[in-house]
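Shared between the two complexes below is chain A, which has chain B as its partner in the first and chain C in the second.
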Partner chain A sequence: MTDSARRGNINYLEYVRSLEPSTKHFKNCLSAFGVGGLICVIGQFFRYMLGFAGLSGDELAGAVSVVLIFLGCFLTGLGVYDRIGRHAGAGSIVPITGFANSVTSPAIEFRTEGYIFGTAAKMFTVAGAIIVYGVFSGVMVGIIYYFL
Partner chain B sequence: MSCAFECRMARFAYITMKKGNTLFFKTRPRVRSYAAVCGSKEKEGVIGGYADVTLSDDMYGESTYEKAECKMLSAAVSLAVEKSGLTDGDIDVLFSGDLLNQIISASFAARDFQFPFLGLYSACSTMSEGMLLSAVLVDGGFAVNCVAATGSHFASAERQYRYPLELGCTRPPQSQWTVTGAGACVVSRGAGNIAINSATLGRVRDWGVTDVNNMGAAMAPAAADTILRHFEDTGRGPEDYDMIITGDLGALGSRILKDLMWEKGCDVSDNHVDCGEIVYNVIEDEFQGGSGAGCSAVVMNSYIFTKMDAGLYKRVLFAATGALLSTVSSGQGESIPGISHAVEFERLPPAKE
Partner chain C sequence: MLAEEMLAILFMYLKAFAVGGAICATAQIIINVTSLTSGKILVFFMLGGVVLTALGLYQPLVDFAGAGATVPISGFGYLLANGAIKGAEKGFYYAVTGSLSAASAGVTAAVVFSLIMSLLFRSKTKRS
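Take a look at the complex of A and B:
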């Protein structure tokens, strides 16, 4: 590509960027905060309920996570979670329900290629990145914590 | 006729039949019949009343979306052949392609038919490339009836190019929605009201757009290039056409196309229509409009040809646009090359029929 062509491209890309509709940050943040908060409230509700049922400590935290993961998977299966996610954005992606959704959705999608090479093999196409970098950053934080 | 005379004729014909990259068809091949199948979301839009088959279930009674896409394409082809009054034996060749890897929908749909199949891949400009090649074969005397067809499916395209359907992610506001639908037309020698006068071959243009959600911006330079060369080669201008139709630039891409054309001293703002822009009543997340091979195929083979048949539009330029990317190329940070092939249609006066 010649220099003049590349300059032309830069001009064109700047022009395209100026036309692109801007993301509505304020509205998006608000709905992310609302939906994310609601998911946390539901989690807290189950925490109280399971606390009354006699669970405590790590058992309680684990049980609440299991319930929320189940709800995330269930709503994904019903085809509701993607609709929530479309409006809520990070509000429904960041909580553990979003992680459940990122595992369940490719599992459903690739079911047509069979249970082994479809569902099982493709299950972590989206969540794989989250797991790898989640574990990686966990290790890094752990090392820093060790030396502090 | 002597051989020498024929050779002379052939040379004469060669000189006059092509100017620049525009082919002029002497016998003016006709669009004999056309058919379109569209999905449930498309039914709500402008083409709902014109498509031959509208699906209430986007699975089309199949077990996978890929099979549904293949079945739509097959249905469009067999409907077009049926409407032309011809049988499988009369069709010389099927030009078809789609967006899926190894163009499986097109080649699997071709299993259903007895005629030869030539597979195409030109992304979303497959429809105009198919029409162009059909007209070339018919005009050259190598075929009497050709079928050009293509289709796409939202769910199968999403899975291949983007994310699983049920993943709760947001769509950026510059994105488009892949049309679920398929269209086919029979291009024949002699019979039909709509003639194909000329066609301009597209050049691949890449102005460095890397955003896979903004394919309108990637394809607009290719469309502008092809349309401008068409005007140059034919000696016509935008005012000579009732409509200049692009494939799936979407609202943003159409705006860019108009600006690019205007810069070159060619104002198409009055008669430019984009299939992607008109195909949906934007209510949910279609944002910039429709895209996909099926977008221009469905709109042309239902709405536009019906209106042309009724005599509402006399001369139409159809420049479908394609973004020639793959998930691998965009993953490696490559920019998106665009292509656009233009085909000129003319409604013949009824007296000649």
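Take a look at the complex of A and C:
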């Protein structure tokens, strides 16, 4: 291969690389927006339905998240949620259903290692981090607000 | 009158879609730029929710978009911080325990349903 041809090849590869990510990123963001928004719309639907059923305030918010977490766990069990996640990226990670997925997924995956150190212990690989830092920062906020 | 109510409900769905989608798209941009893992994204967005709630900036978003703000994981942070803030009005004990009490429904649901699903289903990812 001559020098100029090699340089041309490198130039071409750089050109391709400069074009590829931005379009991929744009598509990623669009599908994340669509799927994430759709999950929130489903949440809003359950807010209205459970509101009609007579729930309100904290009880309503809790019931909506329980329903969504159930759906997230169930769809993860069926293997549907991971298929959605392959296309939606953050759109399926960031909603509360993604939190449910992060708990159920290792629980099923590590069942072969037993119910105590497999399912139960591995359940908290991601959720544990969220609970640890969530509770810590929550306590900090509580103490600050108490003394203010 | 009825048409007006229907329009308000439809508008609420639109706001939930826009705000929830925007939060997820923000996360996707951060993933694209920094290639953080999904677990770290969840932790950072939850902490973001806690901080914004403590500063009083997340409550208006919840009032505006409803489920669009509460369904993303930042809404979980909102729940934690809100529980702590409400508890702080009652006393020191409730200021400390308020956050986990508020999050108890979500954590309980995740643990119980996950255990049930792990009894019902086999791993799908290994097979495909």
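Here, the second predicted complex is superposed on the first by the 109 of 148 C-alpha atoms of A that agree within 3 Å, B and C clash if a C-alpha of one lies under 4 Å from a C-alpha of the other, contacts with A are read in each partner's own complex, and residues count from 1 in each chain.
Here is the rule we go by: a contact is a pair of C-beta atoms (placed from the backbone, for glycine too) under 8 Å apart; a residue touches a chain by one contact, two chains touch by 3 or more.
A quick note: this is a predicted structure, and the numbers were derived from the prediction, not measured.
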Notebook entry, point to check: Can A:Asn9 be said to touch chain B (first), chain C (second), both, or neither?
Noted result: first
Next item on the list: Tell me which partner A:Cys40 touches in the superposition: chain B (first), chain C (second), both or neither.
Entry: second
Next item on the list: Please tell me which partner, chain B or chain C, touches more residues of chain A.
Entry: C
Next item on the list: Go through the superposed model and pick first if A:Val126 touches only chain B, second if only chain C, both, or neither.
Entry: both
Next item on the list: Go through the superposed model and pick first if A:Ile84 touches only chain B, second if only chain C, both, or neither.
Entry: first
Checklist line | chain B versus chain C as contact partner of A:Thr76, first or second or both or neither | finding: both
Next item on the list: List the residues of chain A that touch chain B in one complex and chain C in the other.
Entry: 21, 28, 76-77, 79, 82, 89, 93, 98, 102, 104, 108-109, 112, 125-126
Item checked: Touching residues on chain B, where the partner in the complex is chain A -> 63-64, 66, 159, 163-174, 207-209, 214, 217, 221, 252, 255-256, 259, 285, 287
Item checked: Partner chain A, residues of chain C touching it in the complex -> 9, 12-13, 16-25, 27-32, 38-39, 41-43, 45-47, 50-51, 53-54, 65-68, 70-77, 79-81, 83-85, 87-88, 91-92, 94-96, 98-100, 102-103, 105-107, 109-111, 113-118, 120-126, 128
Checklist line | chain A residues touching chain B - in the complex, by the definition given at the top | finding: 6, 8-10, 12-13, 15-16, 19-23, 28, 76-77, 79, 81-89, 92-93, 98, 101-102, 104-106, 108-110, 112, 125-126
Check: Can you name the residues of chain A that touch chain C in the complex?
Finding: 21, 25, 28-30, 32-41, 43-48, 58, 61-66, 68-70, 73-74, 76-79, 82, 89-91, 93-96, 98-100, 102-104, 107-109, 111-112, 119-120, 123, 125-127, 129-131, 133-135, 137-139, 141-146
